[in-house]
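Each chain carries a letter (A, B, C, D, E, F, G and H) given by its place in the written order, and its residues are counted from 1.
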Amino acid sequence: MKIAPRSKLVFIGDSITDCERARPVGEGLFGAVGKGYVALVDGHFGAAHPGHAIRVVNMGTSGNTVVDLKARWQTDALDLKPDWLVVMIGVNDVWRQFDLPRQTELHVAPETYGRTLDELVTRTRPLVSQLVLMSPFYIEPNRSDAMRRRMDEYGGLMRQIATRHGVPFVDIQAAFDGVLAHMHANAIAWDRVHPNHIGHAVIARAFLAAVDAL
Amino acid sequence: MKIAPRSKLVFIGDSITDCERARPVGEGLFGAVGKGYVALVDGHFGAAHPGHAIRVVNMGTSGNTVVDLKARWQTDALDLKPDWLVVMIGVNDVWRQFDLPRQTELHVAPETYGRTLDELVTRTRPLVSQLVLMSPFYIEPNRSDAMRRRMDEYGGLMRQIATRHGVPFVDIQAAFDGVLAHMHANAIAWDRVHPNHIGHAVIARAFLAAVDAL
Amino acid sequence: MKIAPRSKLVFIGDSITDCERARPVGEGLFGAVGKGYVALVDGHFGAAHPGHAIRVVNMGTSGNTVVDLKARWQTDALDLKPDWLVVMIGVNDVWRQFDLPRQTELHVAPETYGRTLDELVTRTRPLVSQLVLMSPFYIEPNRSDAMRRRMDEYGGLMRQIATRHGVPFVDIQAAFDGVLAHMHANAIAWDRVHPNHIGHAVIARAFLAAVDAL
Amino acid sequence: MKIAPRSKLVFIGDSITDCERARPVGEGLFGAVGKGYVALVDGHFGAAHPGHAIRVVNMGTSGNTVVDLKARWQTDALDLKPDWLVVMIGVNDVWRQFDLPRQTELHVAPETYGRTLDELVTRTRPLVSQLVLMSPFYIEPNRSDAMRRRMDEYGGLMRQIATRHGVPFVDIQAAFDGVLAHMHANAIAWDRVHPNHIGHAVIARAFLAAVDAL
Amino acid sequence: MKIAPRSKLVFIGDSITDCERARPVGEGLFGAVGKGYVALVDGHFGAAHPGHAIRVVNMGTSGNTVVDLKARWQTDALDLKPDWLVVMIGVNDVWRQFDLPRQTELHVAPETYGRTLDELVTRTRPLVSQLVLMSPFYIEPNRSDAMRRRMDEYGGLMRQIATRHGVPFVDIQAAFDGVLAHMHANAIAWDRVHPNHIGHAVIARAFLAAVDAL
Amino acid sequence: MKIAPRSKLVFIGDSITDCERARPVGEGLFGAVGKGYVALVDGHFGAAHPGHAIRVVNMGTSGNTVVDLKARWQTDALDLKPDWLVVMIGVNDVWRQFDLPRQTELHVAPETYGRTLDELVTRTRPLVSQLVLMSPFYIEPNRSDAMRRRMDEYGGLMRQIATRHGVPFVDIQAAFDGVLAHMHANAIAWDRVHPNHIGHAVIARAFLAAVDAL
Amino acid sequence: MKIAPRSKLVFIGDSITDCERARPVGEGLFGAVGKGYVALVDGHFGAAHPGHAIRVVNMGTSGNTVVDLKARWQTDALDLKPDWLVVMIGVNDVWRQFDLPRQTELHVAPETYGRTLDELVTRTRPLVSQLVLMSPFYIEPNRSDAMRRRMDEYGGLMRQIATRHGVPFVDIQAAFDGVLAHMHANAIAWDRVHPNHIGHAVIARAFLAAVDAL
Amino acid sequence: MKIAPRSKLVFIGDSITDCERARPVGEGLFGAVGKGYVALVDGHFGAAHPGHAIRVVNMGTSGNTVVDLKARWQTDALDLKPDWLVVMIGVNDVWRQFDLPRQTELHVAPETYGRTLDELVTRTRPLVSQLVLMSPFYIEPNRSDAMRRRMDEYGGLMRQIATRHGVPFVDIQAAFDGVLAHMHANAIAWDRVHPNHIGHAVIARAFLAAVDAL
């Protein structure tokens, strides 16, 4: 496994990360890490690597875009002094362009998305030894769907930023695409965004594979 | 308007019709006709044709397939002695094939759908002077999406039955396709099935246009 | 239609406008525009004029009088920079004179009503290109009922202000009177103020007709 | 007072009588007599005539018409063996004709109202020593309002039946008319049917005056 | 009646007055005057003296002692500018001495009670034309019960203050004693403090008799 | 201690015994023995006599009189095959005579009380090796209070039955009288019936003393 | 993987299996498979082996012992016609002996446990092609703890039955013992029975390893 | 009894003390002293020593460690001016080391525990005449369990501090050990920390014995 024993991991993102985590910090008793992929990752570490004593913190917040992440980056990411910081963001940046097309002030344009994410990475790299970027996704197999195309564009921006900074990039969209070869999107998420337990397992496995912890 | 004054209309279908209607019969005070397109139709009759005194009853039941309709046809359709009976069914018949692909006992195959709907029409025509069939739909513009293809197949079966029996057919799918030319599916329904107020207006308008009541 | 594509409309008023709209701004996902005539108008634009991409915002607040509107005019009307601002106010200004006759400090006298509404119109005209005034109403056919007489007086004041400023006036009271020729007030509103789905359709249609959007 | 010490009074009627009374019998601890005029009457007997030890039972049921009363007459009136039986019925018999005009099966026609009430009185007189009929009412001062006219017609039928059987008739409509000379209907009941505390006091006083117990 | 038309009455006291009144001011729609004797008084004025247009406000607060009244006297009594101010206080001042004997800081000693009440009366008389003091009470017929003795002592202090200032004193304890001759305390209040509907009628009648309004 | 190791005790009675015990049998996890004196007794056995492994079951039912006990005696007492059966009953038999004096059908007269209790004891003695009768009580020090006198009468009847059958009698009334010498009834129970934690400790101690288990 | 594509697996057991599964059958939309190890197994199949289309049903019922399983075996196991039936039972059989030691009728003795489990296996083997027995467990590392010793005894009985019938046995207790080498029992389950997300991952992994599906 | 009449006792600690006590101060009506051992102690004083008029206050706060006690010591202990201050603390200081081993910032090390407790005792002794320290405990009979060993270490530190300051020390752990000789830990507390009614009786009796009040 790439993660050293006793490491502290912080996952930050939107509702797909959040999943009813505890406030203000998603760590502790009574399901504080939430009910989604972060809990699956934490459970996996405890069950498969109990001797590593990995520490997992969930800092997802429903509805967040990269602009929202920036506003709470100091308190919710850096102040927690993670050894690993895992960022999955972009779904809401794109979604509002399609479900609320007339409320343009809620849209995060590609330029803003790319620039803001780059700022966060630049600011964080000197402070956190390991940073992981996980792509936003849309559980829609039709790549010519307008929102899928847009999501792929944002995923591409994240991939470029990861490459530029030499930071690992986990392609969650690709992981879902693999599963969509075998089942319809509706078997994972009615709204093609919020996954059921199968979809959260897809995300958790993609992350764990990326850190050689499966 | 094609509907005579003092006519009684019964709408029967699934959750898209239901929308929290009253039980056992969706008619009366305190929003008994539900919060969906049936309420829009009833409101339109009252506001635009107050002198017609049209009577509207909502008998939708969430989750229903055509097989479920058959089981309650006597009590929930025929016993109410409607002048007009409006049937919109088929979404769940198809949907379960995609969101619960392994639970095949929940799937209503095309043969079953066509045969059952035909039986209901045959049985009803001698008893109800006006019958209207409204197509099932999937608010998905990509016609090669597996579930959209399937839904179109069921819509086609309904259209054939309507033609065979000389009964009006309202193409709700086509109505949605017209709107999807201007906005993404997510602006109408996150799950591409349960419409917001815009989608319900689409259905209501399609019906009202079909009976020359717009 | 008189409304240009991509226009932004703000509706402001009392509980008849409010209908459980979202706070602080009644626009967005999950029924944010409320459950009343504003939602009907928004649904109509989306379904009948999808290419126009009209934007609708509900800023009604239950219990408001014109004096309450004045107190929140800057934040709740002007700051939203609407292209069209639609104002329906006066029901509570009058109602308290009849249901709480002894609490005179809650009554808005005709002088106050007229002067305040005039101030708001004067202040708004240079800032908002299109302003619409919609009359308060009482769903009471008996014009000699004391409260109906009073409501007509307030509607008359609004009409004068509209005329003076060259602003369109929508006579909602007249729209209800037309329907009351065919049904008793109790078929629209037990309290003769808060309409059911038929009454909200009456209001929506009156507005849509006034802007040639029906 | 016309009521002998230790008498048992049963009040039967609709929602105006009911007012959250206990089930199955509205008598006992914790507000079992409800929160309306029956509680006012019971409180008055206890406070003003404590030595009389009058017993009061509330058997009102919301939504009831005279047809509903007939269906439960044996268990809810006669089986309780009252010394006095007080009946106030007719509001719903009339109201449904105006708020749900198209659902004619819910309407109780004058013929049905008169015949059924007459049957109940005929059946009860040999069994209950004192019977009191209290008129239905509509808190609407405009006597040419269609529903007020209809209500007056039903009140007239009740009065004829009372006269024919030599049973006291309490004119609750007249009591309300007296108060309406001083305040608008909205100060008593927004829907002109369900009274506030002032309206319940009007009913209680009319009954108490009729039995010389004020 | 001693109360002039259009007078405004404010009732202030403890939980016996409060009875779920509205906040911050107990006046208005939807049962704002509470469910106790204040509502009975207001209902009586409306029903028996509708032409007087008496205005009633309930400012009772559960748990209050005379010390608590003093703390909110300006905002909750004087600022409301009543024509009549009716004060019923003292039950909690005494009760805590018996149900929480060890928490002496919650007890209001007779000296404090008398002095504080006197201060309030002194301060109020120049501002309010009519002041009424209503005795605290304990629905306990045994005058040698320790708490009854204590309550009588406080009632006596109030009576002296009323006499000294020439203000009417309503002996609620005496009113209850009259009723207790006919029924056990348990038929009015299990805890001998919070009355049921009979007990509230006793209080209301005592007040109404004192102002010649019965 | 008079109770042999591994004995099973069943307590049966009214709300004072019940205290939210589990249904249908008040024994087991999660506070199944309730929150009153039965729990205190069970806790005491576990803490002070852990080696005795005494088994405690709570079969109290709120509102019960001795007539209600009789109706459920087979299932709720005998079928449980207790080694000890402890009965505390009579409070409601008396209370209804005072709080609902007019509902005489709810009153259990002394004759009925004595006869029914005697029947239960006679029927039970051959089947249960140890029977204990615990007196009903009224936490009212004034022995000339009508309800206290009545309660003493019922306690006296129980004592006679206990003596006649040679069964232990625990005088709970006397235990409360002892405490009432030091504090007012209000410090134990506002309604003089349902004790707080001090009153439940009084009952538990009286029982434990009677079986030499304190 | 040992499990053939399109196999149907039914998991049956107690609260550790149940975890809020749907009723009457734990399969379908909206988390019907519960929130415990069954959901983890189902999610793993969907994410790691999507082409296998494995079908998973949760039939756990909180509080069950092997005796309870027997009572519902026909409807809840055999009637579902599983290809694989996975049974984890025994925790409550043992637990009640320690948390409710005096309620011996709730205890399932080793003889009953062994005999009943053997009956179920004998009855099931001809009908279900694959049967898996999973040991009960106690997350208590101290093997001389009385309850742990007892649980090991029951696990041993299950192992013998598995061996005798040639059925796979999954040693869940051993899986937990492995993790307990690295962390205290409190990090998995405060009550040492109901696991958190780490403990459920331990169970899921033990099962998946046993069928070569990890 | 060692406690003088009219003494005021304050109990401070964690969730074992708290048990739903009232806020901000756990004293007064309606179960303000909570539902745990403090209520048992208070009930015992009232029932067994009613003439002593002992005053009991519960200031436990769930989740507290000795560090949390220090932060609220002035307001929650000293400002209440107790005659006796009883402190039971340490369970959470230890527990977090075992249930959340990776969140080391939540752990209170032995040094911190000892030093902080010593500071509190030093600061309090001049102000409070009687101080009692009650040991933290773990209802785990296996003394080689890691958490039990740790708890014993903290109990030992407390004992040393008590000895050093000449303050009574109540060994609650020893009291539980005595009971554990007769029943499994699960019969007192599933999580071995939060006791049922038997466990609370163990604590109450240990305290009462220490002050000669049993």
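Note that a contact is a pair of C-beta atoms (placed from the backbone, for glycine too) under 8 Å apart; a residue touches a chain by one contact, two chains touch by 3 or more.
These numbers were taken from a predicted model, which means no experiment stands behind them.
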Repeat of G-H among E-F, B-D or E-H, where over half of the residue-numbered contact pairs coincide, is which pair?
E-F
What whole-number Å value describes the gap between the mean CA coordinates of chain D and chain E?
33
Any idea how many Å lie between the Cα centroids of chain C and chain E?
45
Round to the nearest whole Å and give the separation of the Cα centres of chain B and chain F.
63
Chain centre separation in whole Å, for chain D relative to chain C (CA means):
40
Which residue numbers or ranges of chain G touch two or more of the other chains?
53, 99-101, 183, 187
Every chain pair meeting the contact rule:
A-B, A-C, A-G, A-H, B-C, B-D, B-G, C-D, C-E, D-E, D-F, E-F, E-H, F-G, F-H, G-H
Report the residues of chain G in contact with chain H in the complex, numbered from low to high.
95, 98-101, 141-142, 144-147, 183-184, 186-187, 190-191, 193
Can you tell me which positions in chain F touch chain H when the two form their complex?
31, 33, 35, 39-40, 42-44, 46-48, 50-51, 53, 178-179, 181-183, 187-188, 196-202, 204-205
Provide the residue numbers of chain F that touch chain D in the complex, in ascending order.
99-103, 106
Mind pulling up the chain E residues that touch chain C in the complex?
6, 8, 27-29, 53-55
